[in-house]
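Each of the next two complexes has chain A plus one other chain: chain B in the first, chain C in the second.
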Partner chain A sequence: MNEIVGAFVSLAGSLFFLLSAVGLLRMPDAFNRMQAGTKATTLGSILFLLGIGIMKPDWLGRMVILIVFIVLTNPVSSNALARAAHAHRKRIGARLEPDALAAEDGGKEAGHAG
Partner chain B sequence: MAEIVFAAAAGLAVLGLLLSAVRFARGPWAIDRTVALDVMTIIATSLIVAFAVFSGRRIYVDVGMVYGLVGFAGVVAIARYLEGGL
Partner chain C sequence: MRTVKQRILSFLGLWGVWLLLTAPWNSEEAAAGAVVALLVAALPFSRASPLGDLKLGPRALATLVAYFFVFTKALVLSNLDVAFRVLHPRLPIAPGIVKVKTRLKTPLGRLLLANSITLTPGTITVEMRGEDVFVHWIKVADADPEGATAAIVGGFEKYLEVICG
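Let's turn to the complex of A and B:
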């Protein structure tokens, strides 16, 4: 019973992986790709690893450690990627109508090639 | 039954890895490639843990943990470089 429940939870998680990859392919610019790519993989890996933890209850501690690690690190890398994309916003052709970060920085752009 | 469903889950994750590899190859700017690298790192971490389930050896869970740590550090380093702060 444990095994089949865990396998279906893992299947739901990998469905989120597939959806995030499809969003990565179909979204128009880097900010939208980031939106599809980072949130959906966070939820997908939580479900995938939780499903493995349900399948094998003696591995549950390590899975919880991995889930906490991913939940802590994935927003950090997403934030760094968003700042990098914002530094190249003219070149990548993103439309940013209310741009609070540019007003804060004084509107500077990164100089080297992207 | 549980083995078949879990194998299907791993297969879907591999398909997601391949689709984000397409974005990694095609992405017009370095930012898009870095986003694709981030997604591929997370999916690969989960797939290494799934490989630990398939092979039945617990040591691969630790391998996945270390791979996630190194991949996170790599993505943040590349993003900081592209921002111009490194």
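Let's turn to the complex of A and C:
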């Protein structure tokens, strides 16, 4: 019984991995690809690991630790990637309307902004 | 007081991780883990550690549990929303960066808010300057700061305010 429930939970998780792979191909620029990619790392890996935990109850604690570590560390790298993408937004052809961050920077650095 | 709270929290955190790692429990392993966790928690550590911002009253703990469910619901709903946008043939996105304001004062509160925003698909925290948070939003529904604040931050903030100000 546990095996079947766990297998379906893992299947639902891998469905989100598939959806975010489709999103990576379809989205137009780095920011939106990250948005699609966030799906894989959040609900995708959480459901996948939970499914393994349900299949093998002895491993549930270890899976919970993995989920907590993913939830704590994933936003840090996402944030660094988003900042880097924003610094290079012209070169990667990102379309942002409105861009409140550039407007804030533009107001302060109008003198030497190229 | 603050450092005592930090030591208790880091002891509980370390011991909790140990217990989860050694899942089919026996009392010897649990006791050995508790001793080592106590030793590590007794080491001197920085006063600036954000753990001290967590409040431990009964109301804060109840809110922490409530926040877990609120966040899970937001996570599932926004996952389904982004999945719908990815599969829609016309790709209905209107990306942009909006500025939102937060009322949270403590570093831990702001960290939790920014990470919650990034973890829900559809919004990514790009930059944080003082109380201004710059968020990349896959479909900008409201470009004006107040409307965007209500839409993105509103649901999380009232819980985080109770948990860690």
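The rule is simple: the second predicted complex is superposed on the first by the 101 of 114 C-alpha atoms of A that agree within 3 Å, B and C clash if a C-alpha of one lies under 4 Å from a C-alpha of the other, contacts with A are read in each partner's own complex, and residues count from 1 in each chain.
Rule of thumb we're sticking to: a residue touches a chain if its C-beta (ideal position, glycine included) is under 8 Å from a C-beta of that chain, and two chains touch if they have at least 3 such contacts.
These numbers come from a predicted model, not from an experiment.
In the superposition on chain A, A:43 makes contact with chain C only, not with chain B.
In the superposition on chain A, contact is made by A:83 with both chain B and chain C. In the superposed pair of complexes, A:71 makes contact with chain C only, with no contact to chain B. In the superposed model, A:30 makes contact with chain B only, not with chain C.
Judged by the touch definition given at the top, the superposed model places A:104 against chain C, while chain B stays out of reach. By the touch criterion defined above, A:60 reaches chain C but does not reach chain B.
With both complexes placed on chain A, chain A has more residues touched by B than by the other of chain B and chain C. When the two structures are aligned on the shared chain, A:17 is found in touch with chain B, with no touch to chain C.
Chain A residues 20, 22, 34, 38, 42, 59, 62, 65, 74, 76, 78, 83 lie at the interface with chain B in one structure and with chain C in the other.
Across the complex, chain A meets chain C through its residues 16, 19-20, 22-23, 26-29, 31-32, 34-36, 38-39, 42-43, 58-62, 64-65, 71-72, 74-76, 78-79, 82-83, 86, 94-102, 104. Per the touch definition, chain C reaches chain A in the complex via residues 17, 19-24, 75-76, 79, 82-83, 86-87, 91, 93-99, 114-115, 118-122, 124-127, 129, 132, 134, 136, 138, 140, 143, 145. Residues 3-4, 6-8, 10-11, 13-15, 17-18, 20-22, 24-25, 30, 33-34, 37-38, 41-42, 44-45, 48-49, 51-52, 55-56, 59, 62-63, 65-66, 69-70, 73-74, 76-78, 80-81, 83-85, 87-88, 91-92, 110-112, 114 of chain A are the ones touching chain B in the complex.
Contact residues of chain B toward chain A in the complex are 1-3, 5-6, 8-13, 15-20, 22-23, 28-32, 34-36, 38-39, 42-43, 45-46, 49-50, 53, 58, 61-62, 64-65, 68-69, 72, 75-76, 79-80, 82-84.
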